[in-house]
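Before anything else, here is the set of structures, which you'll find just below.
Common to both upcoming complexes is chain A, partnered first by chain B, then by chain C.
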Partner chain A sequence: MSLEDPRDTEALEEELVGVTNEGVDYDALEDLLGEHVIGRESHLNAEAFVIRPDEVQEVLFTLRDQAGFDHLSNLSAQEYEDRYESVYHLKKYNDPTQEVTVVVPTTKRDPRSQSAEPVYRTADWHEREAYDLIGIEYDDHPDLRRILLPETWQGHPMGLDYDQDQPQVVSFENHANPLEEDHQDAESDTMFINIGPHHPATHGVLHLKTVLDGEQVADVDPDIGYLHRCEEQMAQSSKYRKEIMPYPDRWDYSSAGILNEWSYARAAEDLADLEVPEYAQVIRTMAAELSRMAGHMLAVGTFALDVYGDFTAIFQYAFRDREKILNLLEDLTGQRLMFNYLRLGGVAWDLPEPREEYFEKLRDFLDELPQTVEEYHSLLSSNEIFQIRCVDTGVLEPDVAKSYGATGPIARGSGIDYDLRRDDPYGYYPELDWDVITEDGSDNYARVLVRLQEVEQSARIIEQCVDLLAEWPEEDREIQSNVPRTLRPEEDAEIYRAVEAAKGELGIYMRSDGTDSPARFKIRSPCFSNLQTLPELSEGEYIPDMVASLGSLDIILGEVDR
Partner chain B sequence: MSSQDRPADSKPAVQSTQEARMEGTDDRFNSKLREAFGSSPFILTKFDQFMNWVRGSSMFMLQFGIACCSIEMMATYAIKHDLDRFGAGIPRASPRQADVIIVPGTIVSKFAPRMKRVYDQMPEPKFVVSMGSCTISGGPFQQGYNVVKGAEEVIPCDIHVPGCPPRPEALIYGVAKLQERVANGESSPVTVKPYELEQFGDLEQDELVDHLAEDIDRETLVMRYNWADSP
Partner chain C sequence: MVGMVGLLEGLVLQSGSAGGGTDSAPFADAIGGLLGFGANMGPGETLIAAFIGAFFIGNLMLAMTGVAGPWAKRKITAAFTDRLAVNRVGPFGLLIIVADAVRLLSKELIVPDGVDRPAWDIAPILMAGSALLGFAVIPMGNGIQLADPETGLVYVFAVSSLASLGLVTAGYASNNKYSLLGGLRSVAQNLAYEIPLVLTAASVVLFAGTLQMSEIVAAQTEPLFAIAGIAIPSWYAFVNPFAFVLFLAANLAEVGRNPFDIPEAPTEIVAGYQTEYSSVYFVLMYLGEFLHIFLGGAIIATLFLGGPAGPVLPGIVWFIIKIWAVFLFTQWARSAVPRVRIDQLIEIGWKGMLVLAFANLVLTAIIVGLIA
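Showing the complex of A and B:
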């Protein structure tokens, strides 16, 4: 993949630098980078190397090829009083606990640094976002333009001196053909077509600028930002303790709320050094898996709707089963969709009384589940039409998936064995018995199979949690640890923490400035990275296959745009 | 006329198609309505009223999803809640075929002109149900730099359904209320604020507009957001 292949092949034979049994040996990495390192910081999740803005590519190539950091999970950009900073969070796909951070400061006067795009393809969108919201420019970037805000926007809203009251003008323009002249021109025979932002197949408000050559997709450019509702700004203006928690529910709103809440809870608990009682961890694990099931049901139902317009059967089946899960979650949390159930240091309240009845309901649901999943298999995965539409369409090779930072069912459908629940353990997962599902097909079909099997695995997890909770001695049922009323994490503490959400690695980067709300709050959204693979999945394929690929990516625009 | 006025030997009300065709006149359509109005097959009503009743009893919804509320909206269409029971549940993919648009979610600056365009494409008479706090005021994102403070900044709304998200039951109630109003011929109190959504040429010629004038086609739909005066 690298342009400098000799190094690439050498690295395979050599031992990777910095790998020890006790995790990453940062001194060895520092030696490896040598002169490039101009400073070193300690973040709570990993050590960070400060480098010069014009050496980004060299450093990242070295880290990727010689130290094996093949996953750029996030780029958090921010503005300080005296400088801009791009913070690259690197990980390894085969061991995400090995992390390293690369900090690239640039001056205020000329915020310009080298692009990481040649090293990790995923940096493309991440850097565009940093440019859009913060105002850092990236040299060498293939296509540096706004991504979330309209082209005509004035200023960079997450910068320090942005005036929110200034008026903005937004136009409804006809988009230009990204490839060549439109079909009206006699010379060319491609056709430009806008799909979305209001279109039944785009899962919300996504806009695809598509160029067709006959029936085939010649070029597709996802245009996002139609639901950019300033989640990061909202979090930065809220207090850690209770005010931020309702927002995560609204990122991935396919009922996967608990998983999102957990990502914030995990990051904030590590930042403020809070304990979570074991009992609360079990409840969290159970609730999170219920959420995941509901999210996957929605994904499968809408996917069926996408590939063969099946509004009457599978879509309704999926909603029927989803309703059951929502009822269970509603009993637990009091809400159908926006649960707001996790608290820093635990959960909001204990299981609903009478407990026996609740366990009974859960068990009934779990007992029926195998039959339900069987139903999906006979309706969906063994359906011939479905197979024709999905097998071998939307192929995403594992290498490509990695360089785009794809995670979750997308990565696992491409045979990448990456699941943070197991690889970077949190909650009660390590004590439970369950499997990580992978499929080697790399196509639309494999991704659906992964989701259906994950539903079964979630059921296994929930079953064990129910047994544990039913046996739990009454005097030990501690749902929240002691958390101070106001949290003020140490000044300048920085952390990046992720959990395995329904769509993949959902991470939070936070920097505290000693006050009770974060100075920078950056969301690493799995859908954002996953959606970036769409051109790879669909270019050269037929247009209906692109719709199928988009469906199988299962994006939620609230999380893509944040 | 009630049933006791009927001759004792009258045929059973329900007949199969085949039976009905076999003998005499086909009276399959005579049942209830004919009974209610006696021998006269005519109903006297104002055409307007009749049209309102028709409109209220069969509404086509636009399949239009924006944000989290649209998940609950889908649940409202789907099994269990089944909005179609109330004669208002078939989602149409094209705005040209829809009577009602449910606005389910947060509207941001980039989307507002698109939503306006979709609304403009719906044929008259058209109705708007705004779903969720976001469409009332911007909801939880009211302070956001990019969030339009409610759907009424862009299009007029007939019914607001509060909640974040409203439960499907609440949405059904909202739609039923709308149907009731439409059937009664009550036109909505249009509270839309004339938002500056005009042809570009009509925008106030200030510095920002001048600055952008070169890039933007004069014919295109342009929105100007005055964040400072938003509610």
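Showing the complex of A and C:
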């Protein structure tokens, strides 16, 4: 397996192909790939190389090992009139602005393509999803079965010829209980157990097919899709201008909605070439950081719940503090959960009047915050039992994390210095003074520390935003740029853009076909990739540690299943 | 139910009285006196008096768990987490006890497919019953003590350990893997903590020189020393604070409260051994759990806190205050302390508590030997 390949990253660092001061030298990359490249496309975010479907591994290995593209950010699959396409979006953990796209077309008659799983472990789930929804089959894939839809589903619902009205008839034989297989035979000394879909610790409808050896986890296989709501399909049948924006709120519904909205706003604005006024960017930045704090509060609170056991004080404290943030967001957006506040080209409306009063509320909250965080540290991180439960459990080594495409606090808890707010700047972040938090522990404890410190950093950002907004001259308070009533981006324009959401890299891939709604809308969910690391975190550990690791991954099933 | 447990208590009481010649049953004698049976009661009269006594004590304890389970537990947890808890039904929400009792008892008793009956039915009865039996030998002040056998302390530990049997039966008979895990965990946990618990109690026995509960209480009445005219009694919590702390910790594990609520562990194995129990059986399980907390409190009060001793108020009131204090302590731990992992728990039990308990026992033996 590729993970076990000894790689001398130091040596590779010096001779990476295609790295120049002005970004990626795509011609050098094309030379590197040589005759593998059968075509070249220009996407708005990066150049794309078209390759043959049976050379995927060779090309990706070359790009990973010789050009340093160690992050398979996303795989977007789609069907055209004449072909299927798998689009691999590659990035670098060191510098996510260096991107390259690999397009793998396959014929309509036999949509088979080589799997990228040996190169990037994260391709496992992404390709399963492409198979499930689009119908592309991947050779060499270790475990190609449906991931979001039930195993008995007929057809591939995002394919072009799929009949939405086709009834799903499942014969009795096919509906045999897939969980029936048990480990109750004379030879076996393991026990199969279903954790979920209804279980106190799965944070939603997640099903973990677990094999136990005594109290230890011998094997765990997350079964997702219980909350699949066809978000991509819904976006594809909605118009860019206003109809898509409410959906992102429903992905990560841990009140981190503004961050999700921003991912769509950023991708769509770049696709349609829209400007965002600076004033609106400051408001977006402030609202987004409030959302991030609320999301992290929930994450820390529920993690404490998983480790402590009962509904203990910390969970309630975290909810209390999240409530304060929700009040602030409600004043701003008029909503507590499904904000729908961002608009293409700006935000929906200005700060609530009287402005001074709102700033006062924000400042009061920020003044109390250091004390609150201190309280969490004394209740959680300095508790000795908490430490023996969390330190060195759920260990995720940095190179494993990269192979799985882990981002956000999970990656930063493993010492990977990767934060799109700084590395792929957007919004008003580059003008502000704040730090990216990393911890080297790679364990459950490090992830808690990262979240608690990120709350403090968010507070720093908000504080600066409040100061900026308070002094913003009244005549310059432009909240939206001039956006056409109907957006029709150029035909065949393709873009992949990501923002740093509460859980990590939240990306949107869009392809325009010249109409006012996207021809393909693909969501790269950070939770989807992060959850995929669970078997790495928990195999060989005890059940309580698996539960704690799952909690520390901080998944929101709405975002995993979409 | 109450009647049945009362019957059990009566029987045990009878056999206790028959076995040990010098055993006395002060409470039954007092009740006999009230009923006008005279000084020398016959077997029938003793039986009636003992039944009435058992009925009284059983109901007192069940009433306390009734208050503790649906109401006090919620209020205490709420106080720790900045909430109000029940406050709609009756004054201070007290009538929630009635509402909850009706609700729980009127629910359907779901018997899952493939449970191993009658083991599945016996388990909840065993759990609630074993705790009630223990109260028979606890001196509660004002002469309220059903029986006072010479081996009282051994008897208490023996009957309260029966609960482990109930736990493992429930876990095994439920035909549920979570229950099985919970049952196995509870056996591992109780094995690891019962030994330090009993050893620590043995150090008290070394001090008192008797296993008889009333004698242990009597040994703690002497003043230890006086500060500013107030005499501090020689409660074993003051005489040997180390043993007291050890016993408190081991008791938390024994009653399965944080950091040792591993057999239930809601976020890991749903509810452990009680996953499949509903309605009346669930109530019995729950009652059993709270009765065990109170029995733990009663043992702690008797061994370390001078039993019912205390100024001004009558003994029974002091006794109830003391066991509620222990209850409060368990709820505090539940709200504030994380749960340890099962392997860590076993490690703490066998490598930590057991060694400390032995050290405490040896130390006590040396001190007692030197004084004597």
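Throughout what follows, the second predicted complex is superposed on the first by the 532 of 562 C-alpha atoms of A that agree within 3 Å, B and C clash if a C-alpha of one lies under 4 Å from a C-alpha of the other, contacts with A are read in each partner's own complex, and residues count from 1 in each chain.
Simple rule for what comes next: a residue touches a chain if its C-beta (ideal position, glycine included) is under 8 Å from a C-beta of that chain, and two chains touch if they have at least 3 such contacts.
Predicted model only: the values in this text are computed from it and were never measured.
Enquirer: Which holds for A:Arg320: it touches chain B only (first), chain C only (second), both, or neither?
Expert: Both chain B and chain C are touched by A:Arg320.
Enquirer: Check the residue A:Trp349 against both partner chains and state whether it touches chain B (first), chain C (second), both, or neither.
Expert: In the superposition, A:Trp349 contacts neither chain B nor chain C.
Enquirer: With the two structures laid over each other on chain A, which partner does A:Tyr26 touch: chain B (first), chain C (second), both, or neither?
Expert: neither
Enquirer: Answer with first, second, both or neither: which of chain B and chain C does A:Trp472 touch in the superposed model?
Expert: Neither: A:Trp472 stays clear of chain B and chain C.
Enquirer: Looking at the overlay, what does A:Tyr80 touch: chain B (first), chain C (second), both, or neither?
Expert: neither
Enquirer: Of chain B and chain C, which one touches more of chain A's residues?
Expert: B
Enquirer: Quick check for you: in the superposed arrangement, does A:Pro200 touch first (chain B), second (chain C), both or neither?
Expert: Both chain B and chain C are touched by A:Pro200.
Enquirer: I'd like to know which partner A:Phe359 touches here: chain B for first, chain C for second, both or neither.
Expert: neither
Enquirer: Pick out the shared contact residues on chain A: the ones touching chain B in one complex and chain C in the other.
Expert: 200, 315-316, 320
Enquirer: Taking the touch rule as given, give the residues of chain B at its contact with chain A in the complex, in rising order.
Expert: Contacts found on chain B: 63-68, 70-72, 74-75, 78-80, 93, 95, 105-106, 108-118, 140-141, 143-147, 164-165, 167, 200, 203, 206, 208-209, 212, 215-217, 220-228.
Enquirer: Which residues, counting only chain A, touch chain B once they are in their complex?
Expert: Interface residues on the chain A side: 149-154, 157, 162, 164-174, 197-198, 200, 203-205, 225-231, 233-234, 237, 246-247, 249-250, 253-255, 298, 315-316, 319-320, 322-323, 326, 336-338, 557-558.
Enquirer: Taking the touch rule as given, give the residues of chain C at its contact with chain A in the complex, in rising order.
Expert: That would be residues 77, 80-83, 177-178, 181, 185, 258-259, 261, 265-270, 334-344 of chain C.
Enquirer: Residue numbers of chain A touching chain C in their complex, please.
Expert: On the chain A side, the touching residues are 191, 193, 199-201, 215, 304-313, 315-317, 320, 383, 385-386, 388-389, 542-545, 547.
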